[in-house]
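These notes concern the structure reproduced below.
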Amino acid sequence: MPPTDIPNLKPAHRVEDTFLVLDVELRTLDTGESFTILRLGNSTGEIATEPFWPARQDEVAGVRKGHPVRVVGEVGIYRQKKQLRISSVRVLPRDALDLTALLPTVGPVDRYWDTIDGWRRSVVKPRLLGVLDLFFDDEEFRHRFELCPASVRGHHAQLGGLLKHTTEVAAIARAISRTSGADHDVVLAGVLLHDIGKLEAYSWDGAFDYTIAGSLLGHVVLGSLMFDQRLRLEAKSPCTEEEKCLLQHMILSHHGRLEFGSPVQPMTLEAEVLHWADNASAKSASVADAIRDDESFLEGPVSRPQWTLDRRRVYRQVCDWGLVADD
Amino acid sequence: MPPTDIPNLKPAHRVEDTFLVLDVELRTLDTGESFTILRLGNSTGEIATEPFWPARQDEVAGVRKGHPVRVVGEVGIYRQKKQLRISSVRVLPRDALDLTALLPTVGPVDRYWDTIDGWRRSVVKPRLLGVLDLFFDDEEFRHRFELCPASVRGHHAQLGGLLKHTTEVAAIARAISRTSGADHDVVLAGVLLHDIGKLEAYSWDGAFDYTIAGSLLGHVVLGSLMFDQRLRLEAKSPCTEEEKCLLQHMILSHHGRLEFGSPVQPMTLEAEVLHWADNASAKSASVADAIRDDESFLEGPVSRPQWTLDRRRVYRQVCDWGLVADD
Amino acid sequence: MPPTDIPNLKPAHRVEDTFLVLDVELRTLDTGESFTILRLGNSTGEIATEPFWPARQDEVAGVRKGHPVRVVGEVGIYRQKKQLRISSVRVLPRDALDLTALLPTVGPVDRYWDTIDGWRRSVVKPRLLGVLDLFFDDEEFRHRFELCPASVRGHHAQLGGLLKHTTEVAAIARAISRTSGADHDVVLAGVLLHDIGKLEAYSWDGAFDYTIAGSLLGHVVLGSLMFDQRLRLEAKSPCTEEEKCLLQHMILSHHGRLEFGSPVQPMTLEAEVLHWADNASAKSASVADAIRDDESFLEGPVSRPQWTLDRRRVYRQVCDWGLVADD
Amino acid sequence: MPPTDIPNLKPAHRVEDTFLVLDVELRTLDTGESFTILRLGNSTGEIATEPFWPARQDEVAGVRKGHPVRVVGEVGIYRQKKQLRISSVRVLPRDALDLTALLPTVGPVDRYWDTIDGWRRSVVKPRLLGVLDLFFDDEEFRHRFELCPASVRGHHAQLGGLLKHTTEVAAIARAISRTSGADHDVVLAGVLLHDIGKLEAYSWDGAFDYTIAGSLLGHVVLGSLMFDQRLRLEAKSPCTEEEKCLLQHMILSHHGRLEFGSPVQPMTLEAEVLHWADNASAKSASVADAIRDDESFLEGPVSRPQWTLDRRRVYRQVCDWGLVADD
Amino acid sequence: MPPTDIPNLKPAHRVEDTFLVLDVELRTLDTGESFTILRLGNSTGEIATEPFWPARQDEVAGVRKGHPVRVVGEVGIYRQKKQLRISSVRVLPRDALDLTALLPTVGPVDRYWDTIDGWRRSVVKPRLLGVLDLFFDDEEFRHRFELCPASVRGHHAQLGGLLKHTTEVAAIARAISRTSGADHDVVLAGVLLHDIGKLEAYSWDGAFDYTIAGSLLGHVVLGSLMFDQRLRLEAKSPCTEEEKCLLQHMILSHHGRLEFGSPVQPMTLEAEVLHWADNASAKSASVADAIRDDESFLEGPVSRPQWTLDRRRVYRQVCDWGLVADD
Amino acid sequence: MPPTDIPNLKPAHRVEDTFLVLDVELRTLDTGESFTILRLGNSTGEIATEPFWPARQDEVAGVRKGHPVRVVGEVGIYRQKKQLRISSVRVLPRDALDLTALLPTVGPVDRYWDTIDGWRRSVVKPRLLGVLDLFFDDEEFRHRFELCPASVRGHHAQLGGLLKHTTEVAAIARAISRTSGADHDVVLAGVLLHDIGKLEAYSWDGAFDYTIAGSLLGHVVLGSLMFDQRLRLEAKSPCTEEEKCLLQHMILSHHGRLEFGSPVQPMTLEAEVLHWADNASAKSASVADAIRDDESFLEGPVSRPQWTLDRRRVYRQVCDWGLVADD
């Protein structure tokens, strides 16, 4: 049975399904009274429950962020927003479930793997290919890489988001490599490796979050450490020390500027290309997300200031440029 | 006869050819003595003359920046740099010459036109195509567009540089449009129009320079004005007011941030895509130029700080990654 | 009958009058209950209504921001603030009304016109006068110019605010011209033209707001475009191209720095003078407004941080310096 | 006999006059040889001498910055610059001379005093007038105030520059006070006092320079200290503590922002008005100076980047706007 | 009887004691209903009362921030926070009370005086000691100095906080003096004097607050003025003018950079040492405070962004590094 | 025989000794003539040679930066600077020499080791001690650590500079730990490890320079990698993963802010203490160096702007504060 299609729920719909608890919000009125609201999600979206007042607090006493829960209820409307009115909520054992079915996802990932693996196989520099295969021929690595989100909350914050983002960066980087004369193989290697630190910086077993290492060291340096550790496992390094240094440099410099968290700035053409491709993928995704969000446009075609875009506003256009649309 | 191949001149070569005066440098020694050096260029590169001391000042008395000159001389070496030792220099009338043959150039431009015109013909939105054709079907416009440099001194500072840069931005923008879901036609239109202001902001009849309007108004706003003026020449506007406004917005916001000279920030996905594609083309070209410049690497593989890159240093790599090169 | 004097309403006053709906605020309690509050205004000030709870939602169902409404009610007090308790609210047809009578206003504008027209007539440079007259002898232009606010919410956000602000800038600019030796006529021309873009960037038919062009292009560039378009309507330009360029430069550079939205910085003495006069008028008006606002000083003579002043605090002084006041 | 008119010296003119040594420049060629150049000035301008080579070093052995010297020589030309070729230079005793006759000056200062004293006499607040008179009725204070420059090198770097600048600020501040509703008397008091710290921060007995207190404490705080000290000399303070505090606040906040050296930002309307008037006078003077400087425009109407203007360029216009000039 | 130990109150505890009113918070629900909450404190901590609804408003009508009050009540719990449910609250006359017993405090200050006076007595430079004794041998000064907090809300916001902070800075500065070769005596003098302006910038008779002079002039300049005034009281200055200037410089430059409120930057080694010691004490205290605050860690070991630390997050570690703890 | 005491050479001294070539400067006069100057150094200081003109170029043909050379010559004076006039210069084989004797040095390092090892031995946390001993009980590590400079050109740019700087930071950090309540052992560990990356980022076999890894990865990340690699060499990690993470965090965050090259900001009290102690040692050393440099004070007690201090000026004081000096 497919998961409840949250975005298309209608008032008075009856709901009986499994959800992930994305957040447990405790709120206190100015009057001193307090209540609890759960944010529930699955792969299709998310929805809030009605408030649990003190009289019903024991119904949600053991519910925590990241728990899978079995819920029975009905869709209500408060003002313009849908709410779940709950008649029963029960925490499920985590082991019995595939939690990933309850998180937002980019959908099937084969198409991304096909693209990336295809480009990888086209690499003609033997030692470079050797390095990449250490990671991308490793099933364990691939498994984690295809689940990891590209951010905790922001662009591509979905299961598979990292893989999708990496594919996008690779596609954009190919175009920039071509116009600027950068080395395609080296750029591709940098693209594939630049965000591997997110595998250790983020957690996705339950709601997306930062790991302790993610908070204390950051994904940029974690990627650099993971790269170093993996190559040291080999009896014989697949590449020279200087070549290794160049790839490390690409991982470390991909945020482009010190104030954005890169400890060094790009010094090679390939690192520069990677930086702009990464930026173009991440920032255009953020703008696309902002324009898609109906709640920002309640007052007209100019949105409210967007926190994800440094308080920029975006504009929703509806011009057809004379095109007679069919659909 | 082909122009003198400046980069490949050797000491004691005799030179007799026409050059453009790129600069007339007047220098005064601390001793109070002064002399003149000419920087001469043609489409292949540039070279300085030996000093003209006071006794020979009348030989260069009438020579000005932007003049074409007929020169006879011989190549000398001072320290590590080549110099032209001049036996005769004569100013030529400008009318008799194709000055553009004396300026650095991107070479034949047909390939760029082919690419751009091909993409333009694929535009399916009638009113958008109508707008583009006002400019890109106009022979006078095309003539100027294929000569104009993309900067006075910086990335793509060559005849045809604007056309080349525009083609690069278009290619990169296509990749970003695809990954972000932006409208291809609108993005292409923004790309083709974003830098048209440079046609009035720069001059290239002689050495590259800013026009007065370029200094006082800037190429961003000049582009906006030219766009508006051209559309007003039509009895019936090829597009709606809002559509026109969206294209104006792309021209004005393409520098991305106020401190980089855009009076507004990008508010549409298409403007955002244009901004990143433009940046990727310009900045990767600047890095590529810096790495190509031998003079920055006299002391090793790490360059001196580069003024064109906000004093960043670049690194020249020589790794072969195990590839047995054939050439 | 004069409009209701909102600032001087007292509790239990009966009110029956026409107001403009400045905003329709929909609020939801944490409990899930929601209600509507209207902000009503006329030329004397503004006041909020009591909440309309769900049971009364149909009374305000069709009320929108910018609507004129006929209201019957009574003044109540909640805590320290006055509220209108509504017994009847009815939307009026817009055509039948002079909406401008319902907006905050600077009052009679003749004194501003007298000042500005007087100074304009003193211009001795024929071509400069010719340019100014294209705008300031045009009745349609004058009509819009004397209504337009100088900002949507901020300094001089009143009908006639632009005219008042322009007069202030002119007065200050005269003083700076005198001390710095700038050309009085050119400075005056820049002052009169610098903000004309606001005529197309703002709307005041209903509550003050940004137009789409105002959001996407900004008033600085809109002013530049309007200036260009008007001059192009003339068979023969009233001034030379360079002169036109200098005036365009003043319009474009009047914010002084790129990060404040000017695409170019001032390059002439006259543009510099305009910039400082504009700043002095706008910023001192903002400080004066902040000091006038009683709500900022509930806790003492040092205000809360002011958002309109980059979170600066202001101080309300009460010294009499030994002056025996009469009033 | 009037001083030598330096700006109008012509080649081969014979010079015999007294000058101030503005600087003693010791330069060393790359060859290891060194020489000395003197920069000489009087109230009309400044000029450099030809180099003194080692053989003539004893002629300038005892010459120091700030010395008055008697010079005999002849005007020569190197390239485009005039030089003094010296046949005799002799240091004069300082006591015998009015050094101020050798420094750049604003000329007669009575007109400035008349303006300022006139406005001061119009102050109607008794305690405020009492404070101002402590300073501006004190002959010793007036004597120093009318000599002090407004900067060491920058805007109004002339004898009397402080008085001239203060008069300008007062004139501009009056205009801003009028438009913003600020208290004229308080603003005037702030204007008159805001830069008094320069009396102790700068020295002008010889070339303009910073005093040690000027370097270590700055003129802003020095003004605050001088103000406090003077009032404490009075048995009974001419104003209340809070009034004193408000004037101190104006002195301290007149640079407007912390990063410009004000330890506090303006918190009263009067302090705000003072800040903008001060800025308008100083910055427009700097732009006017830059445009007046022929050496910046050797290559055309757009100047080189100006260090005094944060590397902005300025533009020299020559439009007559149709005015038939008589002179 | 010791004061009520606020941090260790348990639900249902009866409370009858004297507290200081730290704040009177008036809140209005969206419904229009309003109520009052008191924040009460003593030397052990602070706690909020339950809401006083309109029916009980007269119980708190005369209560103001800074009042001492006699309270009878009982501890309640709302959600996770303790509240005081009040049965009686009565304002006490201020004269009858030692208000300082009701404010947070660093505890006994003798240990700090012992340290500081010990170091002061070790000063070997006679004139420097003479300056310090003017302040630190003055009983009135010592009395105020040992009460004053080091900030109103921030690091060391406690009675005695300034003395404690000064002692910390002195200890750190000694270490830096030793490694850098700075003059110990001069550094100590700067440390002891650097924050004396806080005696006039803050008030602590009731809740901690800024004085008007503190808001308008700032503690940095107030310290400079107090230093100057005290020395002028002496018939013969205890030190030379230049020495005085160096100490003033240390007071004024101790924030290190203009944007942090110092009108001049450190120019001597001793001023530099003072600056870093001051920063190290203040910032490490802020981090320690943030880590101590349980409320920031409700969701895990990584805190919420901390406003006192420019929105940095802090981490609470629990590693024992193999140490078997005994206590 | 001790090395030539460069700072105390007098004109006409004969010199015959071994030096390190710190730089080979090729300069070209505007006349086109070029020459070479060598900068020679040993442990006592550095001095330039007279120019080698073209006629003598073969004498220095094979001389390169980092070469040890045998020099015979005599001290000359040009203007105020000493020069070596060379009669013979000969490159020595590197193997035969202890190059470190030719570099600036902090002198004997035992005192620093004694201090640091003493503090290390006082660490009471077993696992922390275990980590430190991996590095500081390793003779190879100690050997490199006691040679490495703390910067290439800047503070502590001497052999042994890193060890000296580390000792200073430890001493300052102890004081800050004490006042802030930080864990002494953890702080000490962070201090000892924070700059270990410099061992791989800098080279000192010849003149001080950056390694390629130093340029591409930076010493901050290199330290993190070295730390990780060393611990992985152990079969059993001497500490837990979280403990390791906390030490890594201290290494990575010690520059305090992203724009200074730390990829993460300090999140623990111990990391905060390390950051301020590091800053205090480095910045006070830079100020002390600047004040020691006679060449900055040729014009008076206020120095020229110092590049090492962001163009701040420093002041050289000479007050004796009444102390009768003995020496």
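For reference, chains read A, B, C, D, E and F in written order, and residue numbers begin at 1 within each chain.
Definition applied: a residue touches a chain if its C-beta (ideal position, glycine included) is under 8 Å from a C-beta of that chain, and two chains touch if they have at least 3 such contacts.
Worth saying up front: this structure is predicted, and the values here are computed from it rather than measured.
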Numbering shared by both copies at the subunit D-subunit C contact, with half separating same from different: same
Whole-Å separation of chain centres (CA-atom averages), subunit B against subunit C: 44
Subunit A and subunit B: spacing of chain centres that average the CA atoms, whole Å: 40
Geometric centre distance via CA averages, subunit D-subunit A, whole Å: 60
Residues of subunit B touching at least two other chains: 212, 215-216, 242, 246, 249, 267, 302, 313, 315
Listing of all chain pairs that touch each other, if any do: A-B, A-C, A-E, A-F, B-C, B-D, B-F, C-D, C-E, D-E, D-F, E-F
Partner subunit D, residues of subunit E touching it in the complex: 212-213, 215-218, 220-221, 224-225, 228-229, 232, 242, 245-246, 248-249, 252, 258-264, 267
Complex contacts: residues of subunit C adjacent to subunit E: 27, 29, 35, 50-51, 78-79, 81, 83, 301-302, 313, 315
Residues of subunit C that touch subunit A when the two form their complex: 26, 28, 30-34, 210, 212, 215-216
Touching residues on subunit F, where the partner in the complex is subunit E: 124-128, 130, 167-168, 171-172, 174-176, 178-182, 185-186, 239-240, 242-243, 246, 249, 265-269, 272-273, 276-277, 279-281, 283-285, 287-288, 291, 302, 312-315, 317, 319-323
